[in-house]
């Protein structure tokens, strides 16, 4: 089964800019898919379509088998955006409760506090988010995703710049989601992370899917994801 | 009719701190009520209770006549928090559409763009919020409230620090909400703004309502709201 | 003596926009001068000229009697900008030491910690600034100015939005600077604060000084600073 | 010659925490040295000592052959901190001029505007920094370093999270500094970047240098920097 299935997605801003041009790919249950692309490749437009923040213009998107605009679909996916979209006026605990409420869940306080502690934010669970550094805000976003454990987790550059140990732990936790049969769409240009945990890679450019293949095969072919990407960008085949 | 009615609201964090202690007051339709209080007075706890971000422990809260935890109540109130709780990855237009969607409304693009222009953000309606200054983010929050025009608008210090002309325009626009029979709960310590547009004042300290009276009467009695507040704080009756 | 003296200051961005047009006024020792103006009035350009962040094009600026580009002048003035220009990677204590070093001073640790405590940031003196909320950052800026106690303190909207009690304390502390014979140029549109502590008002519009007079006289004539300002803005004499 | 030479550097916060314990290493002219370490390893304390933001307690630091507290040393090094330590009230052009002034340089406007354009910030050179996104602020920091071209450039995680193409360009530009005989101390845990451009690696843990060796040798021995680091962290030899 596919937790996310996108077919023939088009999107244009105004008349001329074709931001997405027939994009299609899948995120199978129990997998991590890496999403890569330069500035302006369409990644953000794609994610906004998936979360119905932009009204899709052509093509279909299904989350957990349901059309992406339905309540069923919306309950099955969680989105980690940049670290700054957090309600500063809430404590971490209040934010966790708000997000749990959104998904109709109860979150065990001890589980949550334990994750805060493992991500080196011991004792900060009842602090106001306005007193959190950028790194702590990123980790808070990730922890919420790990607590609500949706079928599909979409991570949009959220982990860039977190500390070495948090990144290492994050990787294990994302692998844990996958091992439970959940899936992750991971947007990052941290190539080694992708090489370690992404089963497949989707590489976008100019609104089209340029590569969509198992990570291992791409690494075999190009030597590394990085060589693949920079080779492509410099080849001027664009 | 009261757009907001709070009766006997208690709230404690842990066992000992009584953040709210029997708070009760009303925001009548067609009025602006100013909410004042020093740090730690309970204002934030109060607002979080109203918007169900903290589970109320005792007392009742009704929004538009419905218990505050019901979907009916949630559709009738809009909350303007600090300027930083905005999705940076969206454009202003996308954010407006997201908020309109939340309330089940359609927002006319021209109305929205016109408000952006009147608040000196001409031509920024399709820009990403990540490129907005703090002042522009505050104004964006206010514009959304003016577009969705709920029965009750709660403004939590959002307007502190916006420029002179935006503040002047904001005042007129809030008066416009009131004149349509809507209501505003306005948390600010900009005393002259309160003296001009607040019909009533609620002053909290240590989780209790200290003053709750028509603004005109308080100004008559104390000379100004400022004298009332600072007089109180310095009198040590606390 | 005048701690700041500006004569015939012009400034243009490019050829056409005349951002400052013959601006002149003084800040006498032992006084607080309020600087007011709508968006685009030239306030920011003026302050950037004073601190040599823009190269002045015509006119003269003297700080403590010395031309504003000299080391003597630079040692005599401190600038409080928006709250976000703080080195997040330092603790408050390290930041205070850095600023003291800039002015060739030693700051007593106890004095500093005491001010942090009085501004309700007890025990935060050795915390990283990246963990400070916006309000705490504003207060940190102010505390630094109170510690380095320069001849001239220029405050650019820094106090907007700090809490009621901090604002009250700030007012007393600024009056303390004045009582020691120092001076403050206070940019804010918190009219009551200006009415209480500003000896004189300078009101700019379109790069020119529109009003420059003792506060008491302006309040007598117009009823309040607010009426003066909004009356002017609405009169369309601009 | 060494652009940075550190010998026997100790630093303690309070009596017990030994944040740096006999740290010594060099950054030779014409080289890039990668600085790595987990949270709390002492990296930040080290950099603060180098830039005299913490008063060194034991050991010596020389920049360009001069003791690090001298004006000569301070003129030879530039520090790129987190992206948020930028004066929001200035335009990029004004900020560049301020930094150039600090180093006693003139920056050619065309060179600067050209770098802005190459880093995909075409036409933003005269915009206020308050309207820049996080990514643009990071790139602005880097551009300033490339314009002032000091003997030693210290980059503290500044490039984390910039877009793919900016990172690629940054790498080339840093290599350009090196090729001119300048040097870069690059703190990042982007391992592939380090493997490509760092001549040597310094890995800190618990305030001590654990590894300090040519990158090529470490990669030969451990397979990759990443395996070296995570292997070390997991081995529990700490």
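Note that the chains take the letters A, B, C and D in the order they are written out, and that residue 1 is the start of every chain.
Keep in mind that, in the parts below, contacts are C-beta pairs under 8 Å (C-beta built on N, C-alpha and C of every residue); 3 or more make two chains touch, one makes a residue touch a chain.
Computed from a prediction, not measured in an experiment: that's the story for all the values here.
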Could you figure out which pair among A-C, C-D or A-D mirrors the B-D interface, over half of its contact pairs being identical by residue number?
A-C
Taking each chain's mean CA coordinate, chain A and chain B are separated, in whole Å, by 34
Suppose each chain is reduced to the average of its Cα coordinates; what separation in Å results between chain B and chain C?
29
Taking each chain's centre as the mean of its CA atoms, chain A sits from chain C at a distance in Å of 44
Could you tell me which residues belong to chain A and also touch two or more other chains?
82, 84, 88, 130, 134
Could you classify the connectivity of these chains, where an edge means two chains touch, as line, ring, star, complete or other?
complete
Hey, which residues of chain A end up touching chain D in the complex?
36-39, 82, 84, 120, 134, 157, 160-161, 163-165, 167-168, 189-192, 224, 226, 229-230, 233
Mind listing the chain C positions that touch chain A in their complex?
88, 128, 130-134
State the interface residues of chain B toward chain A in the complex, per the touch definition above.
44, 48, 53-55, 81-82, 84-90, 94, 97-98, 130, 156
